[in-house]
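Each of the two complexes below includes chain A, the first together with chain B, the second together with chain C.
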Partner chain A sequence: MGISSKFIEHEKKLTIVLGDRFDFSCHSEFRDTYCSLDPDQLEITIDFAKTEYIDSAALGMLLVLRERAGGDGAKIILRSCRPSVQQIMDITHLDRLFKFSN
Partner chain B sequence: MNMQGTSAASLPKPPTPQSAGLALIVDDELSNRIVLNALLKKMGYTVIQAINGAEAIECFKENQPDIIFMDIMMPVMDGFDSTTRIKALCGDTFIPIIFLTAMTDEKALARCVEVGGDDFLTKPFNHTLLRSKIRAMERIRDLHREVRTLLGQREREEEIAEKVFSGAVIAGNVMPEKLKTLMRPAALFSGDVLLTAYAPNGDLNVLLGDFTGHGLSAALGALPVSESFRAMTVKGFSVDQILNEINRKLHALLPTGMFMAAQLVRISHTMDNMILCCCGMPDILITNSAGTKIKHRIPSTGLPLGIVPDTDYLHSISNIMADLGDRALLASDGVTEARNPEGEYFGQKRLEQRLSQGTSQRSIVESIAAALEEFCLDAPQDDDISLVEVPFLPEVLAALDNELPPASNEAIAPKNDSSSPHNSLSFSVTLEGPRLLKTDPVPLLINQIQELEGLKDQRRVIFTILSELYINALDHGVLNLDSALKAEPGGFTTYFTEREKRLQELSEGHITISIHSRLYPTGGEIIIRIEDSGSGFDYKSYISNIKMDSSIPSGRGLMLTRELCKSLAYSEPGNKVEATYAWNN
Partner chain C sequence: MKILNAAYLKKYRLPLIASVAVLLVSGLILSPAAALSGLLVLCFWIIMTIRSEQPDAAFKQLCFKNKAERESLDNAVRGLVLGLDAGFTGVAHQMRGELTSIRNLVSDAVKTLQQSFEGLSQQVNMQQAIVNELVSGMKGTEDGQSNKGSFTAFTEHTDEVLRYFIDYVVNLSAGSMNMVGQIDDMSDRMDEVDNLLDDVKAIADQTNLLALNAAIEAARAGDSGRGFAVVADEVRKLSQRSARFNEEIRTVLAAAQENVNDARATVGELASKDMNFALKSKSRVDEMMKHISTVNKKTEAHIAEISDITSCIDSHVGDAVRSLQFEDIVGQLTEFTSGHLGCVESMIQSIDEGIKDLLLSSDDGIDAYIKGLEDVCKRVAALDEATRVKLHNPVSQKNMSEGEVELF
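Coming up: the complex of A and B.
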């Protein structure tokens, strides 16, 4: 719950800040942050700084965004993952598909 | 289809098409009933009346009204008692009860709702207000009916899906007694799936998959996965080939964002190694036979299946030397993420602590199940919990010996039949250079032979012979690997790393496999010749070594092959082998 986003149109930058849990219940809220935009034209940063827990459905939601943003050409950065979240990313090897930053 | 089976839908009441429904007025005062009756008729209701709470119950049982207006103070039985009993009779069906009362005391009004009433209005009531309340109740009642219908439909669909799931996915599993499992879904329909199957050589493959999400949509993918897993295991494909195929299939079938994390373990019939692969799941743990010490951890090395179209899982696979009685523990993240009433996670630490403590229980699964129960108490379960314990024991393998047709060492061919050209079949195939890395010809050849000759009972045996001889030709011939490597401490891993390296670098070399088979009315015979480009090996001392020391971790395949065959002969310099297998129908 509690996803917020900031869109800077002239820089084509979208920042999505997630809440403390990122799971299936965030599905529509997460999608609403980008569905009215053209994600494949954007540089997207997803901020995990507050996030303690993610589930596999959340990984699915990230993959859907990745596809909408152009698949292999997508510019998506996952920022400030806490250890509990990073562990999930490591286990699932999503580092092969997304860029991470601190 | 209309699934609605509620009593409300099957009422014996005869409202006219434009009727708003049947209303029951419960009041001991005639004047009140007359006023309300007039109002309700204007709104399109058919009206029935009762003069006290007891009569209201009888009236309710007989006519099943759609809405009830209830006075509080009445002789025989008051409105509170009557409401309590009527609501109990309603069960799941929603029949609104509105209290109409002269009482204005807050406690009495609050009690109206406590006993099950849905609303209240103080007398004398304002007609407009009552009309609005009735409309609001109708809206809630309709919504309630719709939800019930939808829930009924969903329940039925889940039941059907559950039947298909257990029929097609679970029923095909082999379940050796020593394999211990705990599968506790969070919803009726689980996002976790356990699949087991035997390879033709008797190897056991166990796959634990965890789909994104839970419930019906999560379990949809289980059908194609089980199909590929079983068909490819039975045909003798390797672990990485099976994973590649499932990955390809899931990527093509599932929408983006749906995928399957998986753990896979293969117990080799040679009883010296297991092959493991973990893709996006928690570590696979290998414990000693007591289940108290963790000997190996197999971390996730591969992407979950279905995310990207082409991945090769060959490099994600671990090959581990195991001792008799060791146990492989597969677990979904629902185990470590199970929460207690305080919201704390069970966690990897508690799981491993429980292991190290040892236990009086017979299996690790039972022990951890007990620990989970103590920990979670009655906290709601958020995720599917799955635990599988695969012991490294010959008992979990296919009971090959029982199913083998006796290897007949007697010549069974009638003399005049051997000259008949109609009953024989020959073909050969040569693999060169990098093709040896990419193609495992054994399953393909077996399918070919089966298609041409219609073998059934012999399939497994021929597969074993063919694959043992082929692997020997590849490892010791083309790749020139020394099986003595395996005998050294940690040698098993060295051996397979080296094998992998040499395969990757392979640019030349070849293996030719020739098959010659003959069918007789009473049985058949198949001759397999394999020749490799290697310099040959000292087969004489190799074979005599096997006899002398059966504890060395190599050569068992060859020994098995020799037992299965009518004859097995290497020829100089040891890069050619001919095996003959014969059977009686």
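Coming up: the complex of A and C.
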């Protein structure tokens, strides 16, 4: 549980590591990781390695972040998605909006 | 005359019966000419055996010096010819009758067969048409009209609805999360207002204190400070009112904060949907699509098989109908055989006449007798040649799968 983030300023890289659940209860925590920064200037990596469950609010949060980070020009990578999470991404067509990596 | 006596017939009865049987059979199977030639050979053989039966010493006595012997031989030959004639006429009549009934039987059977084959062909084609109709009804996409009720269309529609619903949920969540962010921002602003209210309270407190000091100073001044004391009192009242206002605002603000938190919770609840429902529905629809596609493929394969079978049956029926032309061939053959029978009759007649001539001749020599028989043989051979030219076999084929049929 809990979200941690690491911001490397000179590389303009933000890494957000999610907990085992990524849902509405994580909203403030998640938002706080990027709120004080300029997301459209950053390369953002979101690590799903620990995440077993996501709900629709999580998808909404990702989309909001994407919007904040410049929409189609956003540089967001979703890393290490488990199959159950990946399936949801595929079904909701979020796989077309984000890049994925292992 | 003892030539064809009982002893002779008894001695040669087996070869004689066999020869007559062979002759009849060969007459039926081969050409009548062969039968007649055989007949003459038989006669010749009878005479020759009779001759060889006699001892050489007695041979000279058989040169028909004895009239009675000549008559006996004549009678025997006449008897043979008459017997043959009578027997053959009967057999020929029977054969004609049999040929006619063969032709009628074959004709009737072929007609029935033709009808049943045509019926079979029609039924098979109807069956194919029904199958085609059934399939296009099931698929429903080929004519483009009735695809509302089809399986595929239903599944596609379900998939579409699911797709729309998922998109809707995701978009709603995104909007809600945006809203929650704004609510959080608003909440932060309210916190700031709360902080500002602290400042206002401090000012009010300070003003109150100030007014209190002013009142004390006014009291110390005595009468001359009485007016100032009134002012100081008013100022204190103002500061107290201000402090009260401050409290009221704080209360309202706290209520507003509570409302905002409620709104945030409500929006959050709306936006938080377990996405497993989508996964399950989607996989179910996908499964159904897969199943339908499998069924469609199978159905297509079966239809192709049925079409193959139908065309196969068609071709078999065509073969059968073609084979039924054998009726014509059989008809021609029976007619041809009738013709041959006629020939045999005329040959018998010719033998009849020849033997009659022979019997009328007054030459007593055995050589002349043999020559007379040879003449009959020649006449028959000439007749045979004539019929061969006249009755050319119109059917060259030996079985139904080969050969050609001349146009009759």
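In the analysis below, the second predicted complex is superposed on the first by the 101 of 102 C-alpha atoms of A that agree within 3 Å, B and C clash if a C-alpha of one lies under 4 Å from a C-alpha of the other, contacts with A are read in each partner's own complex, and residues count from 1 in each chain.
Going forward, contacts are C-beta pairs under 8 Å (C-beta built on N, C-alpha and C of every residue); 3 or more make two chains touch, one makes a residue touch a chain.
Keep in mind that this is a model prediction, so the values were computed, not measured.
Engineer: Would you mind checking whether chain B and chain C clash or fit side by side on chain A after the superposition?
Structural biologist: Here the two partners, once superposed via chain A, clash with each other.
Engineer: Quick check for you: in the superposed arrangement, does A:24 touch first (chain B), second (chain C), both or neither?
Structural biologist: In the superposed model, A:24 contacts both chain B and chain C.
Engineer: Looking at A:61 after the superposition, I want to know if it touches chain B, chain C, both of them or none. Which is it: first, second, both, neither?
Structural biologist: Both partners, chain B and chain C.
Engineer: In the overlaid three-chain picture, which partner chain does A:4 touch, first (chain B) or second (chain C), both, or neither?
Structural biologist: neither
Engineer: Touch check for A:96: first (chain B), second (chain C), both, or neither?
Structural biologist: Touch status of A:96: first partner only.
Engineer: Indicate the residue numbers of chain A shared between its chain B interface and its chain C interface, in ascending order.
Structural biologist: Looking at chain A, the two contact sets intersect at 24, 55-57, 59-61, 63-64, 67, 91-94.
Engineer: For chain B, which residues count as touching chain A in their complex?
Structural biologist: Residues in contact with chain A: 210-213, 256-259, 261, 280-282, 299-304, 307-308, 383.
Engineer: For the complex, give me every residue of chain A touching chain C.
Structural biologist: Checking each residue of chain A against chain C gives 23-24, 27-28, 31, 54-57, 59-61, 63-64, 67, 87-88, 91-94.
Engineer: For chain A, which residues count as touching chain B in their complex?
Structural biologist: Where chain A meets chain B, its residues are 24, 55-57, 59-61, 63-64, 66-67, 90-94, 96-97.
Engineer: Would you mind writing out the residues of chain C in touch with chain A in their complex?
Structural biologist: Per the stated touch rule, the residues are 166-167, 169-170, 172-178, 180-181, 184, 268-269, 271-275, 278-279, 282.
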